[in-house]
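The structures considered in this document are given below.
Each of the two complexes below includes chain A, the first together with chain B, the second together with chain C.
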Partner chain A sequence: MTQNRPWTPYLLILPSVAFLALLFIVPLVQTLWLAVSSDGSPSLDNMQRMVADINFTNSLRNTFLLTLAVVPVQIAIALAMGTMVSKVGTGRETILWIWTIPLGISDLAAGLVWLSILQNTGYFNTILFSLGLIERQTGWLSYQTPVALFFAIAVAEIWRGTAIVMVIIVAGLNQVPKEFKEAAEIFGAGPWTRFRKITLPLIRPALQSALILRTVLAFEVFAVVYALGGRNFPVLVGEAYNWQNQNQNYGVAAAYAVLIMIISLSATLIYLKALKVDPERLP
Partner chain B sequence: MANIVIDRVRKSFGAFQALKEVSLTINDGEFVSLLGPSGCGKTTLLRIIAGLETASRGDIRIGDKSVIGLAPKDRGLAMVFQNYAVFPHMTVYENVAFGLRRQKADETRVKAQVAKAAGLLHIEQYLDRYPNKLSGGQRQRVAVARALAVEPKVLLMDEPLSNLDALLRLEMRTELKTVLQSAGTTTIYVTHDQTEAMGLSDRIAVMHGGIVEQVGSPVDVYNHPATRFVGGFIGNPPMNFIKVPVSNGKVVVGADHLPVPREAGAEVVLGLRGEAVELSSLPQGLEMKVRVAEPMGSHLLLTGSIHDQPVRVILPASETVKNGDTIGLKLDSQRITWLSPESGKSYSAEMA
Partner chain C sequence: MKHQVKLGIVASTVLAFATPGLAQTVFVSTQLRPIEEATIVRQDLLKDVGKVDYVVEEPPQFAVRMEAERQAGKHTVSLVGALHGELSPLADKDQLEPLDDLAKKLAGAGMPQSVLDLGKLGKPNQQYIPWMQATYVMAAKKEALQWLPKGADVNALTYDELIAWGKAMQDATGQPQIGFPAGPKGLMARYFQGYFYPSFTGGVVRTFKTADAAAGWEKLKALWAYVSPNSTNYDFMQEPLAAGEVMVAWDHIARLKNAVSAAPDDYVVFPAPAGPKGRGYMPVIAGLAIPKGAPDKEGATKIIESFSTQKVQLLTASKVGFFPTLNVQLPPDLNKGVALLAGAVTRTQNAKDAVISLLPVGLGDKGGEFNKVYMDTFQLVVLQKQPVADVLAKQGAVMAKLMADTKAPCWAPDAKSDGACPVQ
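On to the complex of A and B.
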């Protein structure tokens, strides 16, 4: 059938390709052009302005620090959660359901939840006060307490974004037949060795997906940061937003967008190379 | 000392009783086969001994120490899994070396042991490969090599040769037997294949429906089956069972009057191995109607009926019997097993 009409498959995927091209590639090309042009001719003005801005280094550093702090913790917590839930018989579905609740909350809402906990009149201070640990309201989210602010944002991000990692890792763990762990157990491997030598290598594909997804999303962090720290904690997407809306300078905003994209793509490439999945070595 | 005592072990999965009450003792250095049809609980029993499954009741002792509650790695045994469980992300070499590495063996010992096990199972040329590139039979041999490499005191094997071709299987089982015997390894060997069990074992345990029906030497189990099931399961063709009337404590077989055990009632089941007969004439012999005569080269296989009950017997290849003949058979009275028609058990086993 398809031999006679070789264009049929192309015809069938045409709508999706056209749709993507229209809504993704066109804006992408426009953004790229916007970033590397000035008054309609090629120029590095926008790039130079971005780099020269006082918030540039800060936002770059903050974004990287946040990613470095959040992603490994999320992977570790998700692995622990996934391993624990795989030992549970009844109630497993309920536990998974509760753990994935943060998935259903938008990141701005998540930021607001943590704001209500951590602001001056928030729950955190109330509890500390009633325990007698502080004598008056303490600010955690101001520019005077950068470390506390960083921790607050990291905790909120971990709370919000770990569920998706866990979902991917649980799916990966379900793919590992239990006989491999049993064989390892027979031949003298304790729980830690089994995890390191059997489970971890066998969930490599899931781990790779989770890492790529979470890292890319971590470089795009914005709403949680904005809700908790405002402009006290500049990040890359926040700067793009400010140049676009406050300064009405679309060129510099585009330069930020392109920078974020380059970072994300590089991270993805690094993961794909570093965690190379050899189909030959999968069950 | 690594004897294994299985003491009144039961195992239920929900309402289903996989093992009903299994007791079995395996002496130090002994080779015992578990033989039985699919689903009779062989793997379940092995997994309980290994510690991968907990018994609902009963005790397991290895080397006279109860191992209930002990983790599999602390039981000092190795196992070949029915589905191999060869690690897909490790080379064949690393698979075979896995147990040795866990014991922190030094590199020279690892090398030597892997080479020895790989040589025995003819997998030297695959050592650098990943298991996914191997055939089922090759993977199975990797699983056996992994277990042999640690030189365990106790070795549990769940159908370890099931995927090999007949020739290789024959060779492997002879070599396995030699190696395990010289190492004095206490071995439990699960198999479907009765010739394998007969050829390898010091003793055979025949399982059926979650119980052990009989334990004994291959010759004993073959010649003196404790139950109708055992007689029918072991031997090719299976044992013949002919229900015959008893009068005055005797059964009339052609011209002979054979005494039956005192416990027998009005009828008794005569258990007869197909080859425990000779051609004789009528009416001296027992009358058999031959439906099909198949010359097999080494012998002549006859299918037909005695007293209207289906039987299969074996005669020397030199005899000439044709389809549809009626012949007389002389039975070797020493090799007859008398069984109760009600319980299906042999009278000698019932007394014991």
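On to the complex of A and C.
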């Protein structure tokens, strides 16, 4: 059928391509231009203002630190969860369902949930107080407690973002043929060897997708940080938001947006290169 | 048959998009946004002016919407209600109808000329009509008064007394008890422009990096030792006050109102402290303006006229706690919390050492960056404890560039300038 009409597949994907071009590429080009122009002529003013801003270095450092702290933990937890659930027979669906609850919550709502736990009058302080560990309200999210603040944001992000990684990895694990593992078992491979030599290589495409998705999202972290840290923990997207909304300087906001895009694209490229997937195994 | 159904769907879709309620006057406001307040506007304040669609919009979205309507050339909004600083960028792009006739009428009806003149935004024509006003005050839990230093009058506090008070409260309770709204949505920048700088230097822009300013920042650092570190997360001080996280707070009256109104017997409300140059304070003005190209100018004019009557202005004061721009006495049967706030506003305005700081004029759409200079200075000096002189020199340069770019002349309490306001 398609051989007779070779243009059919193209026709079918045309609406989505047109849709993306209209609503993604046009604004993208506009944003790029906004970032590298000033009063309608090319200029690096916006970039210079961005780099000279007092929060620039902090937001860049915080974003990278958070990504480095959060993504590996999420992948490790998701792998553990996926492997564990694959051994479960009855009740598997219910467990998966409970594990994916955070997926259904918006990031801001997740941030607010953790805020209600960690703020001065929150549940965490209440528990510490009732255990006699603290004598009065203790602040965990202030500028005076940067380590606790970082830890709180990282935990909230891990809680919120692990489910999506797990879903992808469980899907990948489902595709690993049982025969391979059984064969390895017969040859005397232990569980750790089987995991390392069979499971991991076979779920590589899933792992790659999960890593790309999570890393890009981690570079774009905002709502959770905004809810928990406010101004105390500047991140790149937060700064873009501030320049756009509070300072109403769309040029510098666009410069931040472009920087975030460059970082995200580079991360994706690195993963694509580093975790090369056999083309035959692509979906 | 199928064809007809399709046609019907297409036609109804087109109709749904093509008729955005033409019969109603669209009134977009960045003020009175919470649902309770918006309901009061819809049901009480707009009762007498016919069909009005009162739409609330967060300030950033408001700016984007107005800019979008300007660029598209398709106008849906007939009336805007927004703060002085939010209307300034619109006036700057020549987007507002001149309202001189209306202003003349209102001057005759008892709106003070000084208030009306703010609505010119530094231009020859009237850009907006002052709608309602507010200011910033301090509120304290009554139990905090026991630690007030001996001899200090809470209605005539100085910075030294506030610091001593903060220390006494911290010593007694083990925790810092003073709070400021320095969170992402807090109005801390206004504290620097309307209170801190006028009180310590007698200016806002000219005196940005003077020796007086440096001394003021040192004083603020001393005060900050007794300020709750959560202040950088606070947006509306009524919340930490009501939750018992702090006992003393400075904020906009509308952002203290819920706490004070809920328990008026638990609070005292009083003017902000005075520094060596006096007691700085800043009136906040919200205005009504008609965008150029508005589809229903007549309806909009009718609303402005109605909102400028004594009856509606007093109703606004008693229901939402914003005060009249007309020169009228507030009724004695005011809500107890609002009456407390009104008392503090009157004491602020009538203080012997009051230094009035007007809202910035002529900054156009750079109002946000103007705020940022003060907030960056605060972050560097107070939170990161960098040397005051270095920070003021650097941020002073940023301020000077901002003023040069906008060519904004000085406004009170700074002395008048020819051309852009200089940073001395």
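Going forward, the second predicted complex is superposed on the first by the 265 of 283 C-alpha atoms of A that agree within 3 Å, B and C clash if a C-alpha of one lies under 4 Å from a C-alpha of the other, contacts with A are read in each partner's own complex, and residues count from 1 in each chain.
The working rule: contacts are C-beta pairs under 8 Å (C-beta built on N, C-alpha and C of every residue); 3 or more make two chains touch, one makes a residue touch a chain.
Just so we're clear, the structure is a prediction, and the values are computed from it rather than from any experiment.
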| item | value |
| --- | --- |
| Fit or clash between chain C and chain B when superposed on chain A | fit |
| First (chain B), second (chain C), both or neither touched by A:E185 | first |
| Which of chain B and chain C A:T193 touches, first, second, both or neither | first |
| Touched partner set for A:N247, first chain B, second chain C, both or neither | second |
| Vertex chain A; arms to chain B and chain C (CA centroids, nearest 10 degrees) | 160 |
| Partner chain in contact with A:L202 - chain B first, chain C second, else both or neither | first |
| Contacts of A:W159 with chain B and chain C, given as first, second, both or neither | neither |
| First, second, both or neither for A:F124, with chain B first and chain C second | neither |
| Smallest separation of CA atoms, chain C relative to chain B, angstrom | 52 |
| On chain A, positions contacted by chain B and by chain C | none |
| Partner chain A, residues of chain B touching it in the complex | 50, 52, 71-73, 77-79, 81, 83, 85-89, 98-99, 102-103, 130, 132-133, 146, 150 |
| Interfacial residue positions of chain A with respect to chain C in the complex | 54, 120-121, 135-137, 139, 141-145, 226, 229-232, 242, 244-249 |
| Contacting residues of chain A [partner chain B, same complex] | 177, 179-180, 182-190, 193, 198, 201-202, 280-283 |
| Complex contact set, residues of chain C against chain A | 60, 63, 89, 174-175, 182-184, 228-230, 232-233, 243-245, 365-369, 371-372, 376, 379-380, 383 |
